[in-house]
Amino acid sequence: MTRRFYMDFEKPVVELEHRLNTLKEDPLAHEPDIHKEIEWLEEQIEKLKLRTYSNLSPWQKVQIARHPERPRLAAYIKEITSDWRELHGDRAFRDDPAIVAGLATIGGRQVVLVGHDRGSDTRDRIRRNFGSPHPEGYRKAIRFFRLADKFNLPLVTIIDTPGAYAGVGAEERGQAWAIAESLRTLTDLRVPVIAVNIGEGGSGGALALGVADHIIVLEHAYYSVITPEGCASILWKSKEKAPAAAEVLGLTTTDLMKMGIIDEVIDEPLGGAHREPGVVFRGVESAIVRTVERLLKKSTEELTTERYERFRRLGVFMEPAADTDAGENAR
Amino acid sequence: MTRRFYMDFEKPVVELEHRLNTLKEDPLAHEPDIHKEIEWLEEQIEKLKLRTYSNLSPWQKVQIARHPERPRLAAYIKEITSDWRELHGDRAFRDDPAIVAGLATIGGRQVVLVGHDRGSDTRDRIRRNFGSPHPEGYRKAIRFFRLADKFNLPLVTIIDTPGAYAGVGAEERGQAWAIAESLRTLTDLRVPVIAVNIGEGGSGGALALGVADHIIVLEHAYYSVITPEGCASILWKSKEKAPAAAEVLGLTTTDLMKMGIIDEVIDEPLGGAHREPGVVFRGVESAIVRTVERLLKKSTEELTTERYERFRRLGVFMEPAADTDAGENAR
Amino acid sequence: MPLSDWLKHRRQQLAGDPAGKRTVPGGIWSKCANCGETIYQRDILENLHVCPECDHHFPPSPDEWVAALLDKDSWRQTNSNLTPEDPLGFIGRKSYKESLAAAMAVTDGHEGIMTGHGRLADRAVYLGVMDFRFIAGSMGAVVGEKVTRLFESAKDERSPVIMVAASGGARMQEGMLSLMQMAKTTAAVARHSDAGLPYISILTNPTPGGVLASFASLGDIIIAEPRAHIGFAGPRIIQQPLGEELPKGFQRAEALLEHGMIDKIIHRRDLRNELAGLLGYLAGETSSKVGATR
Amino acid sequence: MPLSDWLKHRRQQLAGDPAGKRTVPGGIWSKCANCGETIYQRDILENLHVCPECDHHFPPSPDEWVAALLDKDSWRQTNSNLTPEDPLGFIGRKSYKESLAAAMAVTDGHEGIMTGHGRLADRAVYLGVMDFRFIAGSMGAVVGEKVTRLFESAKDERSPVIMVAASGGARMQEGMLSLMQMAKTTAAVARHSDAGLPYISILTNPTPGGVLASFASLGDIIIAEPRAHIGFAGPRIIQQPLGEELPKGFQRAEALLEHGMIDKIIHRRDLRNELAGLLGYLAGETSSKVGATR
């Protein structure tokens, strides 16, 4: 596999790999000495990879989540769905290409699929606003949430966005209203909702597709209330401190599982999903199929009640005996 | 009352009225001869008014419906409602001033009121696009239809629009979609819907507020599938033929009652609502109150079924025995 | 009707068909009204009325639509006996009665729309196809009634509806009764939809005015044909600040897709497969199974 | 609390209140942060914290809001015993624990929001008032829980909810748990709303981010205070093509009204009457009577 891009912390691995490849291409590669050197190098690389990738810092994970070669929505649609039929439009203002929606079959099961699309090349990325929806994008998503509800099709959302878009038009057309409406629509949905975070889970823009019965997150994907850069500029007035911010935000799958915010983590190959995407596709596919089957056994009443309770219990606080001053305690 | 505007066919009346006023202001007005002249003139004016106004042509009625001094939405709100609380916005794009919506009390009964607003002076008329809504106007209306539904408040709509707006933005933001959604929302509404046409009922723009249980129309208001001017340019390639088009379109209250399209006509004073607005306000108010009371006695089921049947039966066609070729007849 | 039959039928029809003439002139060779290429007429007809040179979509007749979309011999037309009246005694440049007589001579008695039911990829569907040749496919009482009955029957049979729209809008000659067909058809669509049933609307060239502002824009899924002209107000009457031109591609299917109004643009040759696929989701086994647990 | 009492209380508070200091400096005379006029401080306080010169709306404390909106002595605070935790052990420039301690010293223990119920023009209402002084009124677990309980209790009691929003958005220091409060509060609003009950949201200066994109924008009716800054993204981070300035009045209540996002802008002196009037419609006799026949 040709690697066109690597992150700083991967440099030692990449350098060793480069040396290995050079040796392998040497006409004398079959000579016993060189052969031994190759074997030794391969061993070293494996060890180094293990060391490098098994203790990734939160910031390194954020970098993997943003890796330019990481598989995005289009790849998942291609690899895990069949009979994909994309549909368009909010029926009111504009078809937002940052949100892709349609009908799909996953493991023989028909679903409505809605996800963030970050685009494939520079031109496409610009067109799709790098996966940051405008209000019409959330409204497009809502249209397809309702379609799922009307036709009793399970809903699968694929989350992968740096976040909501900070722009004049997005504000003027009420992105806060659109996000709230999206949350509200998902809350009341009478069909199973499964969310899969495949990369970046940027605050409100991600949550708008994330009010689900079961939330699956890839090992190195992150989910955060604010981007590490945004947090760093608030805390330390410097975007350079993003790595430190990533440490304190609790945005990794390990943290998210501990806090009960997500339900399932899908392992990635050493180095990230882009190293061996097939493994990840199969993992995501089987997790979706398994979950859809499980949730379809529940009644509408069970689904909506459990979804309510799922989010209802999130949040850590203390509740000592009520103040006498306060008069009463409502719950 | 100062009259600042009159229509061509009113000219003889206006001239006599002018002569009468001149005489009345004459210092010698109390002289027997002049007094007689005044009495004679008053009699003539009454006769002429009766002759002029009791056999108005459809085109003359259209002119009265468009009369600049005719009372519009704002006057009705002022005169027939109390505790008026205007509300705003489609929550998505823009607050369209061509549609006014709010909570109102009419005859002690609380309702949601939605109507076309044509504006009061030139500046206001431009701001309100002369009462022609944009798509966001229909969506604003829909929001308040749903508010009425949620809070079990009867809905009163006031229709007075030359029609939907033919503009690029209105097309691009899907006015056909917005109008259809408005029709659809009214169809399903679980509360009484009463429509009052106080002036112009211009095709789709009017119908968007017109899917009602009871449709009241002022005597000289009109309701038409197309403006007389539009019809004339299609039929005779000339807007000058609008009077002839008005004749053939069946747009007067007499025609509309005959066809079963409307349910109630409110008489206007001789010469039109602007001649004595108070009479019309009282007529509209009592018609609304009476209708609301009647409709509130019905169950939700009765209301929606009867509303469906009300429009279901409109349309004239022949249904001879089914063709044998056609195989079957669905109804 | 098998393909060969309706091609023959179509050819006969074209001789005396003014609408047909306008787009595909009679005779063996035709000049495409869009690209100007001279094309062997049979090539256009066999290509579902799509120009083989430029892909321009000319209008098929309702019979041809049925043959193109439905399973062979599955079609049953309904309500073809409904015929229009002249409620206003309307007389413009010519009388409505004359217009009706002329239109009826051209079409097969189905007025502005042909309705019925059949099977599409072995799935029961209710289908309506508007006929632009009948007073520009405008919606009068007969069109309104047939659309309403179509949705009512489909609701009773719990079947999907497919509607091929092509229209000149409301039928002015029936006055306000024609405007009321918007409310009437919308209400029928609403009841069908409230029963959880799918409705796919296909917008062909042209779909304006009253038809678009009622049943045609209310599909769960809306498909348009390439370059179809779709909009509420005709471009001639659009009010523009002095001197400004209409945006490029204004009211064309491609612009509507960008503006979020339609779900997709499908080439006519792919339409049947697309409909079968979509119905597989919306009227499929899964959804009915889950629906049953509600 | 009668008006005179809370004026006294407020004056005491201002001495040690950094938020208060920022807007109305301590001492007898204050300089209005908006118009720059020097004003006798009592005049601002007695004017519900509205500058008598320029009508600028300064933030009252939750107690003052309660006194301004509800019937005398009708207020019962609920859940004031909920106190925040530090789930992430968050340490930025200062630790979350320090921030919490500082914030608690300023406020009355109600955290970022004070919730409870009382009567407004003799009608039972559930009321929440956010407190910008508590870590900029940001939404952490305590705010989320209290908002949720407020809507849940109001639903059980079939009462309307009034919410006075003023916030800095999500509370970053609680990480993803704070983002999840958006989903949690929205779900509670949805259940209250689905039960047919009214919710009036009042947006004060400022209402941004996560609070706006959840419960604050979901009111059946949304009222804003004059010139209140309301928007999702802060103006500092709005991305503009090079050199372009933000539109005039961007994210101000007046612009939001034009853009269709809020129902009306109400001066604070008229707010109580407006709420009483609106509730008279939405929670009135008519609607409950009609509702009963359903």
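We just call them A, B, C and D in the order they show up, numbering each chain from 1.
FYI, a contact is a pair of C-beta atoms (placed from the backbone, for glycine too) under 8 Å apart; a residue touches a chain by one contact, two chains touch by 3 or more.
Just so it is clear, the structure is predicted and the values come from calculations on it, not from any experiment.
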Distance from subunit B to subunit A - Cα centre to Cα centre, in angstrom: 54
Interchain centroid distance [CA atoms averaged], subunit A/subunit D, Å: 33
Averaged-CA centre spacing for the pair subunit C and subunit A, given as whole angstrom: 42
In subunit A, residues with contacts to at least two other chains: 91-93, 173-174, 177
In subunit D, residues with contacts to at least two other chains: 259-261
Chain-level touch network, classified as line, ring, star, complete or other: other
Chain-chain contacts as defined at top: A-B, A-C, A-D, B-C, B-D
Residue ranges of subunit C touching subunit A (in the complex, touch as defined): 193, 196, 198, 220-221, 257-264, 274, 277-278, 280-282, 284, 286-288, 290-291, 293-294
Subunit D residues within the subunit A interface of the complex: 76-85, 87-88, 90-93, 109, 115-116, 140-142, 144-145, 148-150, 152-153, 170, 172, 174-184, 186-191, 194, 209-210, 212-218, 231-234, 237-240, 246-247, 250-251, 255, 259-261
Partner subunit A, residues of subunit B touching it in the complex: 91-93, 135, 139, 173-174, 177-178
Of subunit B, residues touching subunit D in the complex: 83, 85-96, 103, 109-110, 136, 140, 147, 150-153, 190-191, 296, 299-300
Of all residues in subunit B, those that touch subunit C in their complex: 164-168, 170-177, 179-181, 183-184, 187-188, 203-204, 207, 210-211, 223-226, 230-231, 234-236, 248-251, 255-256, 259, 261, 307-308, 311-312, 314-323, 325-331
